[in-house]
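A, B and C are the chain letters, set down in written order, and residue numbers restart from 1 in every chain.
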Amino acid sequence: MLFFTEIVISGIFSGLMYALVALGFVLIFKASGVFNFAQGAMIYCAALAVVGLIDIGLPMWLAVIGSFVFMVFIGFGTQRFMLSKLVNQPPITLFMATIGLSFFLDGLGPILFGSDVRPINLGIVDEPIQSIMDNTGIGISKFDLTASGIIILLVIVLTLLFQYTKIGRALRAVADDHQAALSIGIPLKNIWTIVWCIAGFVALIAGLLWGSRNGVQFALSLTALKALPVLILGGFTSVPGAIIGGIIIGVSEKLAEIYIPPVLQDAFGGNFGGIESWFAYVFALVFLLFRPEGLFGEKHIDRV
Amino acid sequence: MSEAKTVLRLENISLSFGGVKALTNISFDVKEHEIRSIIGPNGAGKSSMLNVINGVYHPQQGTIYFRDKVRQKMDPTQAARQGIARTFQNIALFKGMTVLDNIMTGRNTKMHSNFLMNALWWGPARNEEILNRRKVEEVIDFLEIQHIRKTPVGKLSYGLQKRVELARALAAEPSLLLLDEPMAGMNVEEKQDMCRFILEVNQQYGVTIVLIEHDMGVVMDISDRVVVLDYGKKIGDGLPADLMKNPDVISAYLGTNH
Amino acid sequence: MLYREAGQYKVSYQSDNQIFPILQDRIGILIILAIAVFAIPMFASEYMLNAILVPFLIFSLATLGLNFLTGYAGQLSLGSAAFMAVGAFAAYNFQLRIEGIPFLISFFLGGVCAAMVGIAFGLPSLRIKGFYLAVATLAAQFFVLWCLTKFSWFSNNSASGVISAQPLFLFGFPINTPTTKYLLVLAIVVFLFWIGKNIVRSSTGRSWMAVRDMDVAAEVIGIPLMKTKLIAFAISSFYCGMAGVLYAFCYLGTVEPDGFSLELSFKILFMVIIGGVGSILGNFLGAAFILLLPIVLDLTLPVISQMLNLPISGSTVSHIQLMVFGALIIFFLIVEPHGLARLWQIGKEKLRLWPFPH
């Protein structure tokens, strides 16, 4: 029982980490209707910028700020050289453009900041919290708890931003209909730049947390892929949905990895690890069969 | 003259989307070979009505009788196979294809080669393609669009696109044709051409037509009977001349406080 | 002057429906085929055949497969490499377990197996659209590879799923030289492309394009959405499967599931985008472009770095490659979303008028 609880808790934590990545997607999709495949590459670049700047001698806090500036640059550049030239294109074209962007960033980051694997030290240790361990026998890492706290705080801030501020309203209008938003005077270009910068900020946080746990390496760029099942469950436009989706995926993935291989092993013999590579996707696929718009997404009504 | 058969009868149709009631208790019929117009101010529910006839929307209440048989809930594909074709308010052509290919898709319900036969371009598949091409060319001749048959549809003017959409609907050899504002956005000449085509389709090929139109002149000229909708309710049903004197209809169009 | 259509009338629908209605095109194709069949084997080096022409043909085939699904039918797929893997492993198993089976039958059955897996993963596609479908295909990509690696039956109990393709014999004649392999691949690819062209210009192709352009309207005119999409998945996966078979049997010889990774799926998607969505010629152009680009960069970057006196490490070259790939994708999507094929078409239009300006 204890073991099961530990797995579930660890699943929740890893789910929150996925949710953090998914957040970046939700932001950009909510505001521009663009599915930004390059979110993972942005996380990678942000983390690279931090370690790269530390390597040339900057203290951590300055490196983080520097990395944010770099992400703002990327946001501007993307808006100016890519998005503004693809304004009225169908969503699939924009999606494929972001795939191109992700490749571009995957190459740019290492060239600018080096490609060696380097750790990020945030000063929080990946050790079980002594008091909880003593009382319940469950190992909850300080790092996991802190990271989750940061993520939940971020989510609350962003939700408030979207629901209650003028900018938030404008973003929602833009996501709904570019032309209509333009015609009531919303400056599309500025909105998009703002959103990509916010997404860049989220990418930076994600880069710091993920990089701190796994080291800054190319695999960071592929975290984007894991966020996709989260988005399917949570809906592409819901900030709280990303959290819930993340938790569901995180927990079910961990449980599957622990409990499925022994069953297969008994039936077929041999090693059946690695369920994590596909479970989340198949789970999302099955889910889509019953609810094509996710838990919190908006139902799409086609008017003919 | 013998009494014309009823092709379509709608009884107490009600349709809502969530909280919005698009249609409330609508009943009317459409007789074979007639041109039946549906008119009404914007938002009255005319397109929704057409979508119900077509199987795109399913009414929460009411019954549809098609050729005197109760029609079960059906999807648009089945409606197409039963001989109902339509055009759309905002043109629904396949922008990536040429005019000819668009119209050929209209023949889809008549073409039966499966993909294997198509793949080998074997005798029956090839012959079927040529047979259907011939039919489509007849429609192209009829609507006078020979000169643009190989043009990608996206490059055509609005008026021509509407004509191509009509061609695609006609290519299916329908018995019931639903036209959703076929003359919207056209100038006088184009409207005259379109009227001519619609009348010929009705008189020469005997196709029953249900027509949504805003231009009163057109409605008066070519309709046999008219249904008037306002705020999802039926406020008039009968001959065009009679309806013009109906006070409800007049106030709906000129506007009074509701 | 050369590329004039004047005087070429079509007096029957049959002749209007030809694959190459313009006489100059027909002559051109015959010349290209003649060169491909006769001249190339005589003059090309082993390296050219093995490392450039054979993969070019194989990837053109895979690109055509993905093009059916994504380009013509508008269903985005990120799992094409997985279907290639299914084809390769299935053909291997048929060759292995059925004594004396003609290899062409194994190949065909490999494609059929890929088609069946394709249908299985395409079944959810009726309710799922756009990006959601892309995620479903990712499920296929990861799940298939995991299965092929973990269930050792597929790889005849070898470690990590590596398989070595069996040698091929056509009526007792071995197919083991670069030239014979090249000719076999050429024959199969040309045949499958001919079939592909037939499918695309028939009612099947039109149904696909209708579903792609506006599926609600397609439904209304009587096109069955589910059946149309499933046929697209099936045929697309069959073609990718066949490409996978050739990839294993006539190109690499030894393959493992990891060799059919997501990276390969993306490569094929790029070939479709750059070559031209919804175009037959585009598949060749896209495949050639993506295959040649790394070679071109490998050759030119060291030269440029020497000229500018900037030393470039090997890893930097691969990073620059990524940047160039990415930038090119974006460039094509902005400038010519219909890819190289459209550029070619525009070129042909100009050629029709040459030497007169209009």
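Quick note on the criterion: a residue touches a chain if its C-beta (ideal position, glycine included) is under 8 Å from a C-beta of that chain, and two chains touch if they have at least 3 such contacts.
This one's a predicted model, so the numbers in the text were calculated from it and none came from an experiment.
**Q** Just to be sure I understand: the centre of a chain is the mean of its C-alpha atoms, right? Then which chain's centre is nearest the mean of all of them?
**A** It is chain C that sits nearest the middle.
**Q** So, comparing C-alpha centroids, which chain is the farthest one from chain A?
**A** Here the answer is chain B, farthest from chain A.
**Q** If you average the CA atoms of chain A and of chain B, how far apart do the two points sit, in angstrom?
**A** Each chain's C-alpha centroid was found; their separation is 47 Å.
**Q** Could you put a whole-Å number on the gap between the CA centroids of chain A and chain C?
**A** Chain centroid spacing, chain A to chain C, equals 32 Å.
**Q** In whole angstrom, how far does the Cα centroid of chain B sit from the Cα centroid of chain C?
**A** Centre-to-centre distance between chain B and chain C: 41 Å.
**Q** Which residues does chain C have that touch at least 2 chains other than itself?
**A** 216-217, 220
**Q** For chain A, what residues touch not just one other chain but two or more?
**A** In chain A, 304 touch at least two other chains.
**Q** Two-or-more-chain contact residues of chain B, please, as numbers and ranges.
**A** Those would be 56, 88, 92.
**Q** In the complex of these two chains, what residues of chain C are touching chain A?
**A** Listed in rising order, the residues are 74, 76, 124, 127-132, 134-136, 138-139, 142-143, 145-146, 149-152, 216-217, 220, 262, 266, 269, 273, 315-316, 319-330, 333-334, 337.
**Q** Which part of chain C faces chain B closely enough to touch in the complex?
**A** The touching residues are 12-14, 17, 195, 198-199, 202-207, 209-210, 212-214, 216-225, 231, 235, 278.
**Q** Can you name the residues of chain B that touch chain C in the complex?
**A** For chain B paired with chain C, touching residues are 54, 56, 75-77, 79-81, 85-86, 88, 92-97, 101, 104-109, 111, 113, 115, 118-121, 125-126, 129-130, 133-134, 137, 168-169, 172.
**Q** Can you list the chain A residues touching chain C in their complex?
**A** 35, 81-82, 85-86, 89, 91-93, 95-97, 99-108, 110-111, 115, 225, 228-229, 232, 236, 264, 268, 270-272, 274-275, 277-278, 281-282, 284-285, 288-289, 292, 302, 304
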